[in-house]
């Protein structure tokens, strides 16, 4: 089997269950790959590691990350998208009187400045708000300032922070989804380098086949999948991981995920994201989307491996 | 009468007594002052949480210990070497010492990807970061210690025809050792910090990994478990150095 | 006789100082410590050096030992050869005024320091040193640390360290300053024995005129700061000398003469006080 | 005049070494054609720093204020604690184990807690900077204060000096070199602690710039920010050296 | 007369030592430094203390000054009151054997140290000290640092520091050890003047028997380690004494007597050497 590695965007957890399951169940091995799973961490930029060849594959941030990387000249290609729906959402306390995104006007809104801020800007634009109508601040990875009411609106991921809030007994909150405002940004892109695609396309195909098969298996055998994740990480809580896997399933089987299958690339939403990034000056100029996103591998994945 | 303060001292100086006292204070203070769990959870909660992951904790302790010790040894050797180099080659000190100071303030965690690219996913990456952090205090204190060498004693040794090496081994080094020990004691805790940060760059085992995870999942009791674990690990390492110091470096320069 | 030995013009002097100067500091705050010193010491001679406190005796020693470069005016000539800065390091057994014991070494290991520097094995050095402990009244203190010794004991350790470093020329800066009268006279006799046996050349600073006369072939008197040689007095008392020599007429005469000279110089140090 | 000369004399070798190293780096990067995302060239970094001078300048200002405040607070706490422990030895015996335990915990582990306790603003940064400095200063000051030999302390006691008198006239001056060494090490620690705290949660500052730029694969800005931060700490270090010369003039 | 003063049974002694002991270390390596010392000093008395090197003189001083607790066997009685540990701190002017100058203070500021501790303003203290510089032969060195002084100059600074700390009881541990003969005799005369004028009580360690006789109302001789009082010799030479007193018959007689006693003790230190 060929030795390859996959770099995750964060530590071992159910967000990456498909990878761990594919490895544990021997799907990669069957495809002729000997996969090492390398976790991520803060300031571990997956795009850089994959483009530089330090890792063969990656589960990177998402649409915007691929676009930034391409713009900066990194030889990176996206071959699949894990989450079909925007995983970010905005929360506000019920008592705050915020009932729609329009009510963000004049409020203090926190979001992560690692890319998701542009999702917020798009949402605001779709809702007819100017950025100057409200105060946007950088959110740390702790939800505590929101709990302490240091700001009115905070950003969560549906698979983690939202559950964290619930676990801490904070339930009197309202949730606003970007998709409801017509903003979709696919996340957890599956990436590899241009060099791999040119020189070893069969390995790229094998990796995508096995990964998606792993995901399908994980959703069909959730208890076993959580066991596998727990074994891969250290100090993980079963309950939290179960909730996370449930939420990840919802995000992956949404939209194109139901029609095309797990891992589908939504070129329309990607084009929309690029337009807004250019508009917000996060990108100087658009990149060649066809070169950045290669859908041919996804197309070749057997239907029984990706369709739920 | 004169025995009782001494007895008290001895009890207080006992590390186990110190642990018990701190634990008791924690146990009593939380309900007494109604401290909110997000500031400081009750010790019972922290203890229970620690027990629930003791396997991972033990594995993490071992791994982090290994990284810290390796990085520390390398950093200490390099630090002493540079401290000596700086002391004897003043132009080196004047040109490069400030640059080392500046390098110390480079936040390594800004360069996670670069560290991985350069050093891979091996234990090497952690060792290098631990080395990088331990280096500086050792170098500074070595330099400072060597500088305090009594010029009249140097003159005496020279009058015996001592070579540069003999001057160094028999006079300068013993003079500097108390100061070097301070540097080493500062360095060991920084090595631990380095190992922990290093583990944030894509590792699966270690106290740093668990710490990062507990931050991400907002498990405040788990953060405290890890603070206690780091504290225990660091204290053992520090205590080991202090023991060496008491045994071998007991003198003070006059 | 005096001329011949003191000037060293005829015989090859063991050590010769020619127009040696030393100035500390610059400009306004300059201190001239030693000025225009000419001095010749014959092989095997025992020369004692006296002079008022602060006149530059220690500074002169430091220059001879090669620890302090003399100002470029003059030169230090050793066995007929003018010496460059530091060339005499390792060739002279030197005992500084402060004991300078190393606090991390035991008394025994302090004593063997110079031997170790020479390259002698630790074991051999210790053996050699241990034999001297009874003579120095330090038996039983081998394993003590300097902090545990009295002032006089520390000085004896420093002296032992110097004597273990066997060299033709020995410089001793107030070696018996902290010793009581009797310990001092024992050490004096011991020193004369060693000197008589091995015929080493000794240059010896003291502030005790009796001691200077009792020990020396020649007493050199320095002026007040800036110090230079005021006069040299050859001591013709017969050797071996006995403690009783101190009470002889001859001794008393020399002492009176030197006292008068030294008194004149010492008063200079306090000249300002007299005026005030 | 003389001071300007001595400043030049100490700044010149540093500048020369710095320029030499940068040149080596630039040539190396050009020779081996290293891509920017692995190691950018100094020329490009400097160009970016100039281009984004406004952003970096405001970030550096905030970070410097936080670091300096944290440094001061930490130094004061460390010195005060050392003095207290010297005046009341049982306090030292009782607290030193705890101090060692806390000092063994990387300050990074406290960042999330400090953010919770002191909020996302300047308070948490000053706190974490102070935390990082105070222990170094405490340990170094303690060692320095214990430096005078028993004989010297006895002399002061024989004059009827109080513990405070001994501290002020003997122990503190004798401890100065050691304390200044502590400050040197502490400065580096506080700056980095502040930057890391900013990365993990802040409204502004060099740490935030680095954090946001990394996520956006904008390594030139990351390096420019690190450059600017290092230059800033070099300046602070220069100030420390000047203070060192004033405080330990007798060496 | 001798009995009355020495035993201090009748008059109220200024300072009285009763069965004072000091042991260092424990078990095998224990050193008994001072043993069973009984001594009474009358107000205004000038007592000199001699004894072989390492016999426990400095240790005794440290105990009197309150710096070292005596072993619980005995006690230190000051003005009729038994003193607890450390009770005498600040009440006695004490000059240790080593100069212990602070390297970060100028000579002037080293001299004023005790005054500053007492709470005198820096300015007043400096003024008071400056006046003494000529008398101590240190005029012009006020702004120097100790590192820039000769051994004897350092000792004079330490002495000045002690005298500026005006107390009824003065303890001096070999204050003139590093001084040349003349500077020493000047300082001796100066000390006697001060003593005569202010009638302070002085306890003075020296290793110079001449000095002990010349200065003292009473010479106390200690035995070799473990040190105890061997004998007390009252000196009835008339005061004020002149340098010429040294040559009188009476002086010589006392000196011979003391020399014999001290010799016996000193030999004990080297007993092992004799045996070897």
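In this document, chain identifiers A, B, C, D and E correspond to the written order of the chains, with residue numbering beginning at 1 in each.
Everything that follows uses one rule, which is that a contact is a pair of C-beta atoms (placed from the backbone, for glycine too) under 8 Å apart; a residue touches a chain by one contact, two chains touch by 3 or more.
Because the structure is a prediction, the values reported are computed rather than measured.
Here the chain-to-chain distance from chain A to chain B, counted in touching steps, is 1.
Where touching is counted per the definition, chain D and chain E have no chain in common.
Common partners of chain B and chain C, by the touch rule above, are absent. Judged by contacting C-beta pairs, the busier of the interfaces B-D and A-D is B-D.
Remark: chain B and chain E have CA centroids separated by 49 Å (rounded to whole angstrom).
The geometric centre of chain C is 27 Å away from that of chain E, both derived from CA atoms.
For the pair chain C and chain D, the distance between mean C-alpha positions equals 51 Å.
Look at where the CA atoms of chain A average out and do the same for chain D: the two points lie 38 Å apart.
For chain A, residues that reach two or more other chains under the stated contact definition are 42-43, 45, 48, 52, 141-142, 144.
Shown for chain E are the residues in touch with two or more other chains, namely 98. For chain D, the set of residues touching two or more other chains reads 37-38, 112, 116, 199, 211, 214.
The set of touching chain pairs reads A-B, A-D, B-C, B-D, C-E, D-E, using the touch definition from the header.
On chain C, the positions that touch chain E within their shared complex are 24-25, 29, 31, 50-59, 97-98, 133-137, 139-140, 143, 148-153, 156, 174, 177-184, 186, 207-209, 259, 262-263, 265-267, 269-270, 272-276. For chain E in complex with chain D, the touching residues are 62, 65-67, 86, 89-92, 94, 96, 98, 100, 102-105, 113-114, 116-118, 145, 147, 165.
By the touch rule above, chain A contacts chain B in their complex via residues 5, 7, 10-12, 36, 38-45, 48-49, 52, 54, 141-144, 147, 160, 164, 168, 232-237, 240.
Looking at the complex, you find that chain A touches chain D at residues 42-43, 45, 47-48, 51-52, 61, 65, 68-69, 72-74, 113-115, 137-142, 144-145, 148, 150, 282.
Of all residues in chain B, those touching chain D in their complex are 5, 8-9, 12-13, 15, 18-19, 21-22, 38-39, 91, 94-96, 98-99, 101-107, 109-114, 117, 136-137, 140-141, 144, 147-148, 178-179, 182, 185-186, 189-190, 192-193, 196-197, 211, 215, 220, 223, 226-227, 230-235, 237-239, 252-254.
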